[in-house]
Amino acid sequence: MSSVAVRNIARADAAVVARLAAAGTATAPEAQQRTGLMQPYLRPIYAGAAIAGSAVTVLAQPGDNWMLHVAIELCQPGDIVVVGCASVNQDGMFGELLATSMRARGIAGLVIDAGCRDVRALTEMGFPVWSRAVSAKGTVKATPGSVNVPVVCAGAAVQPGDVIVADDDGVCVVPRLRAAQVADACDARLAKEAATRARLAAGELGLDIYGMRDKLRQAGLVYVDEPGDIA
Amino acid sequence: MSSVAVRNIARADAAVVARLAAAGTATAPEAQQRTGLMQPYLRPIYAGAAIAGSAVTVLAQPGDNWMLHVAIELCQPGDIVVVGCASVNQDGMFGELLATSMRARGIAGLVIDAGCRDVRALTEMGFPVWSRAVSAKGTVKATPGSVNVPVVCAGAAVQPGDVIVADDDGVCVVPRLRAAQVADACDARLAKEAATRARLAAGELGLDIYGMRDKLRQAGLVYVDEPGDIA
Amino acid sequence: MSSVAVRNIARADAAVVARLAAAGTATAPEAQQRTGLMQPYLRPIYAGAAIAGSAVTVLAQPGDNWMLHVAIELCQPGDIVVVGCASVNQDGMFGELLATSMRARGIAGLVIDAGCRDVRALTEMGFPVWSRAVSAKGTVKATPGSVNVPVVCAGAAVQPGDVIVADDDGVCVVPRLRAAQVADACDARLAKEAATRARLAAGELGLDIYGMRDKLRQAGLVYVDEPGDIA
Amino acid sequence: MSSVAVRNIARADAAVVARLAAAGTATAPEAQQRTGLMQPYLRPIYAGAAIAGSAVTVLAQPGDNWMLHVAIELCQPGDIVVVGCASVNQDGMFGELLATSMRARGIAGLVIDAGCRDVRALTEMGFPVWSRAVSAKGTVKATPGSVNVPVVCAGAAVQPGDVIVADDDGVCVVPRLRAAQVADACDARLAKEAATRARLAAGELGLDIYGMRDKLRQAGLVYVDEPGDIA
Amino acid sequence: MSSVAVRNIARADAAVVARLAAAGTATAPEAQQRTGLMQPYLRPIYAGAAIAGSAVTVLAQPGDNWMLHVAIELCQPGDIVVVGCASVNQDGMFGELLATSMRARGIAGLVIDAGCRDVRALTEMGFPVWSRAVSAKGTVKATPGSVNVPVVCAGAAVQPGDVIVADDDGVCVVPRLRAAQVADACDARLAKEAATRARLAAGELGLDIYGMRDKLRQAGLVYVDEPGDIA
Amino acid sequence: MSSVAVRNIARADAAVVARLAAAGTATAPEAQQRTGLMQPYLRPIYAGAAIAGSAVTVLAQPGDNWMLHVAIELCQPGDIVVVGCASVNQDGMFGELLATSMRARGIAGLVIDAGCRDVRALTEMGFPVWSRAVSAKGTVKATPGSVNVPVVCAGAAVQPGDVIVADDDGVCVVPRLRAAQVADACDARLAKEAATRARLAAGELGLDIYGMRDKLRQAGLVYVDEPGDIA
C-alpha cells in the first residue's frame, strides 16, 4: 500500500444519502450511538450549506495537494471529497481552481483536515468546504499519497464510500453498510423530536416529559430553597 | 455540597440590568477595573445579539447535559443560563430542543463553557448562545451536577444572580452587589467617550486629547526622523 | 534601540500597492515563492474586506496599547498599521475610538497580533481589522514600545514600509523593494489562472492540463480497480 | 476594589494542611466531589515536589510581576503564593531572585497561571513551582493588581486562605472552611484504596471488587466472542 | 454496535512484536510509508520506556473510565491497552489502582487519548503510559463504551490486535496483518542506517552519501558566496 | 530569492558568544529590552543543556528536511542550526543520523520550529535540541528551501550569524552587530543581581530594595487589614 488510487468504490443508495442529508449532523450521530463525528475544529467556510454524499477519500502529504487532482477524476456527481493529512497541516491545499474543476464534475463539496483558500470566491460559487483553517499558504505537488484508501479525518475513521453528512454543526461519517439502518433511526428520532418540541414550546419541562425527576433524586440531586441552605 | 439545586436566588434590579446591556462588554469591564471578562474563546453563534440578565448557574459534568433541564425550571424570564463544566469539554450540550424550552420560559440566552449544536435553527429562532465550540456531539444524562452554585465559566468566577453582559465582543460578569455602581460608572464612561469620539473624528490625536506626549517622553520614548537614525 | 518612533519611512509606489490589492493573498505569496504569509490564526473581524497598503509597524507590550496612539500620528492616508506584540497576548488593544481616529487620518486598516474589540461598531464603520482574537479586555498605557521598527507579526517578519495585502484568506507581507517585481509576477499568474479556470470549468482535468500523469507514475502512484486489489 | 492588598487572612489548621499534603491531588479532589482541580496545563517545573499550604492570592496584570513583591511581605512560613492573571499570559513572571526572597520568608512554593523562568536554578534550590509555561520573557512593574482577593487560577476559583495541594499530578484547591472535612474524607478514601490495591495486586478484577458486572449488563453492555459476532 | 465487548481477538506473532519493539517508533513508521503514527501530543509519563504489544482497544466516554475495567479481563500478558475517547477529554481516567490491576494481569502498558494520574506512583512501579495530559481529575463509571472494536486514538485508526510500538518518540500502530512484513522492512532499514551512521560519524556528508547534489541543483537550489549575492 | 544557499556569513566574536552563553536566556533578553526570545513552545529535549553559538539559518518546507543536509556543509564548529518552517509543522525533521553528522562537524546544537525524533539517542549523545514537538513522523526530501537567509523561528526574526543562546528556559536571539554591547549589559546585570540576591536571601524585601512602596501607593495600591475592609 505505497501510493495507490482505487478507481471503483461501492456507494450508498442515493435515496438513503438524501434522507441522511435531511437528518443532518445533529441527528445522524445520535442515530448511531453518538459516533462518527469529526472534531469540531472543522468549520464550514460559509454558513448555511448542508449536504450529504459518498466519500471519495484522499490521503495527502502535509503542504502537498497533488492527490486532489487524482481524486477528482475518480469522483461521480454528488460525491464528497474527504482529505486526511499525513500530519497536522493548515496550508491552503484547496481553492477556487480546484473548486471549479470539482464543480464541473458535479462534486458536492469538500471536507479537508487542512486549510482552504479563496473563501470569498468559493462562497460566491456556493461550493461548500469544511476545513480546519483558512489559509492562503500555497502547496507543492511533489509527493504522492493515495485515493480511496481508509483515512482518518479530524479524528474520524472514513472508508471510501461511507456517507458524509455536513452542515453548520460540523461533519459526520455514516458507515456505508449501516447507512440505511441509520437513516431509519434518524427518521424515527426526528418524528419523536417533533412531538417533544411542541410540548416544550408549550412550556412543559424536559424534567416531566422525559421523567427525570425520580432519576435525579436517585442520583443524589438535592433541592434547597436558598443558597444558605447548602449543607 | 454534593449535587444540589438552589431554587431561589437574589437578582439585580431590572433597570440596572438594562443599563448594563446598553453599556455592553466593551464598557462594563472597564467600569470595574478591567475585571469580569470571560476568555475570548467563548464566541457568539451568530453576530448581532447583545443581552444582559441575571445568571442562573449550572455546574455540568463533561459530556452530560442533565442539569440544563434542572436549571430551566428555576429560571425567571430574562435570566441567562451560565454553564461551567467540571472539566474541559466541547460536546454539544445544548441545541434546538433545549432552546425551545428556554424560549418558552422566557430565558434570554445561554453562556456555556462547552459546545452548542443546531446553530442554524438557533439562529433562525434568534436564541443567542455564547459557546466554546460548535459541535453536534450528543451528551448523556447520567451524572448530576448542581444549579445555582458558584461556578467558573471560561475563566471567570460567577455567582448565581450576578449580571451577565454578552454581545459580539464576548461575555462579562458584573457582581450583583456592585451592579448599580458599575452601571453608573458605565454611564459616566460612555458620556466621556462620546466627547472623545467627536474630537478623534475631527482629526485630533489621542496623543493630545489624553496628554500623552510628556508621559511618553518620561517613559523613554525617543523620536527619530529616519530608520538609520536609531541608536 | 530602546523605545523609539521613526517619523519617516519609505513606502511602495501607490500603483504597485493597488495591483497587489487586486491580486490578493491567494496570489501574492505564490508570486514570491510561497513566502510572506502571516499565520492563519489572524482572522478578519468581518467578511469581504480586501485592502493593501504600506505598513506602519508597532511593537507593543502585552496588554498595553500606548504605542497605537503614537503610530497614528506617523501614518499617511492608505497606510496599514501592523502590530506585533512582545509576547503572546489576546487583549482587546484596539476598538472603536482608535478606529475613529485612524479613519479620520485616512488609515486603511489594522493588522494586530493581539485582540480587537467593538467588532460590531467596526463592522458598521467598515473599518477592517485582522486580529488573533476578539476580546473586550481593556489595556493599559504604561510601558512604551516602538513604532516603525522591524516586527514579527503572526509569524511573518515585517519591515516598516513593506506592503501589506489582507483579505478574507488572511494577511501577506510583500517586501517593499520587491513589490513591483511581485506585482508583475501576480499579473502573469492571474492571466495564466484565467485560462486554466476556463478549461477546468469546461471539464478538463488538472491531471491533463498540468501534465501530471507521467510525473505521478514516476513518483510511484499505482492505480487499481477495486479496494481488494491493493497489494 | 481597585488595587488592594489585604494584610491578614484566616488560614487552615496546620495539621489539616499536612494531612491534605499526604493525600495529594489524586485523592483530595475525589474527597470533594471531583471539584477544585486546576486545569492540567499547569505543570510542575521539576518532578517529585509535593506540598500543601495556605493560599496567598495574587491578581496580576499580563506581563507585570509587581504584585509578587507585595505578596511576599504578607506571607507566613508554609504559605503558597497563587497567581491568577488578568488575561492569558505566558511571560516569565517569576524566577530565581523572587524564589530567593520567598525561600528566605519560608514560603513553600508558587502556583502561577503564567510563565516561570530560571527553572534550572529553581530546581537546584528545590523551590517548587507549578506554571503554565517556562519562559525567560521578562516582565515590567508598571500596573498594580491585588493581593489576597479572590482569584481564578487555571480555571479554579481560589479564596485567600484556601488550602492548595500540589504535586506531580497538578494542583487542587480545598476551601478553607471545608478543609478538615475533606481531610477526613481523604483518610477514609486512602484506607479503602489500600485494601482495594491489595486485592487488585493479587489478580482480582475491579469488575468483581466493585460489583460492576450487573450494572454493566443493565447499562447495555453485550459480550460477544469474536469481532464477527458484533450485531 | 451499541456497547459491546469482544472476548477473543487475533494477535500478531510474539517474535514479530519483539522485533518491532526493537525497531521502535523512529523506524516502524518509515517501514510502512510514514503511516500509523499517533499525534505527538501523546507523551510518555516518564522517559525511557520502550514497548510493543498487541492492542486491546477501548472506546470510552469523556470523563468515564468504566470500560477500562472491562478491558483488563480481556487482556493477555504482553498486551497494550489503547483507549480512544468519544470526544476530546483530558480527565485522569487511569491511575495507580488500575495500573496495579493491569500489572497483576501482565499487561505491558497503556496508550490513552485522555488524561493519566498518579504519575509518580506509576513511575515508581515502572508501568508505562502514553497520555495526552496528566490530570488528577477523577472520572465516573456511568456510561458504557466498547472493548475490542476499531477506535481512533490520537489521530490513528487502531484495530484490535494491531501491534502498538511506543517509546520516547511517541506511539505507532502497525496493522496486524502487515506486522511481519513491516518487521522485515525495519530490519533492512536498521542495517542500512548503521552503515550510514558510520559514514556520517566519520565526517562524510549526507549530500554525498545520498547523492543529493544533482537533485538539489535540478530542483533549483543555487549557491552564492555572500548574503549580498542573492539575486 | 527562490531557493538559495549562502556559503559565507559573518559571525560574532567567540569570546562574546561565550559570555552570552554564561549569561543565558534569563539575562540576555533583559539586556536588550526584553526582545529576541523565541516563543516558549520551543522546549529542550532534555534538561541541563546551555549553549550559545552563531546561527546558520534554514528555511524548510513543512515535512521536508532536505535543507538540513545542505546546511551542515556550511557550518563551522560551534555553530547552531536554526530551522524556520514555511508553515506550522510538527514532523520529526531531525534525528540521530543528522545529529551524528552535525556532531562530526562540530555543530553545537539545533533549534527547530518543527519536530525532533530519536530523543533517547540524542540525549545519550548529549546533542542538544530545542523543538516544538517530539515526533517520529518522517519527512521527505522533495522541495528545496534556503540556507543562511533571514528566517522567523518560533516568533523571532533571525539573521544568519546572529548569536543564539539556548538553555532550560528557552531560546533567545541576539543580533550579531549588537552582541558585544549586549554581553556587556549582561555582565552589568549579573553583577547587580548577585548583590540583590544576597540581600533577598538575608530576608530583605524587594519592596525595599527596589524602593517600590511609594510607587505602588502612587499607582493606587491600598492596604487594608482584613478582607472585610475592602471598599
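Per-chain numbering from 1; labels A, B, C, D, E and F assigned in written order.
We adopt the following convention: a contact is a pair of C-beta atoms (placed from the backbone, for glycine too) under 8 Å apart; a residue touches a chain by one contact, two chains touch by 3 or more.
On a predicted model such as this, the values are computed, not experimentally measured, just so you know.
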{"item": "Other chains in touch with both chain B and chain C", "value": "A, D"}
{"item": "Which of D-F and B-E has more C-beta pairs touching across its chains", "value": "D-F"}
{"item": "Between chain C and chain A, distance of the C-alpha-averaged centres to the nearest whole Å", "value": "30"}
{"item": "Chain A and chain D: spacing of chain centres that average the CA atoms, whole Å", "value": "39"}
{"item": "Two or more partner chains touched - positions in chain A", "value": "1-3, 34, 37, 86-88, 90, 135, 137, 142-143"}
{"item": "Every chain pair in contact, whichever chains are involved", "value": "A-B, A-C, A-E, A-F, B-C, B-D, B-E, C-D, C-F, D-E, D-F, E-F"}
{"item": "Residue ranges of chain A touching chain E (in the complex, touch as defined)", "value": "1-3, 33-35, 37, 39, 86-88, 150, 152, 155-157"}
{"item": "Touching residues on chain F, where the partner in the complex is chain D", "value": "24-26, 29-30, 34, 37, 40, 43, 47-48, 50, 167-170, 172, 193, 196-197, 200-203, 205-207, 210, 212, 215-216, 219-227, 229-231"}
{"item": "Chain A-facing residues of chain B, complex", "value": "1-9, 66, 69-70, 72-73, 90, 92, 95-98, 100-101, 103-105, 115, 117-120, 123, 133-138, 141-144, 148-149, 160"}
{"item": "Chain F residues within the chain A interface of the complex", "value": "61-64, 86-91, 135, 137, 140, 142-143"}
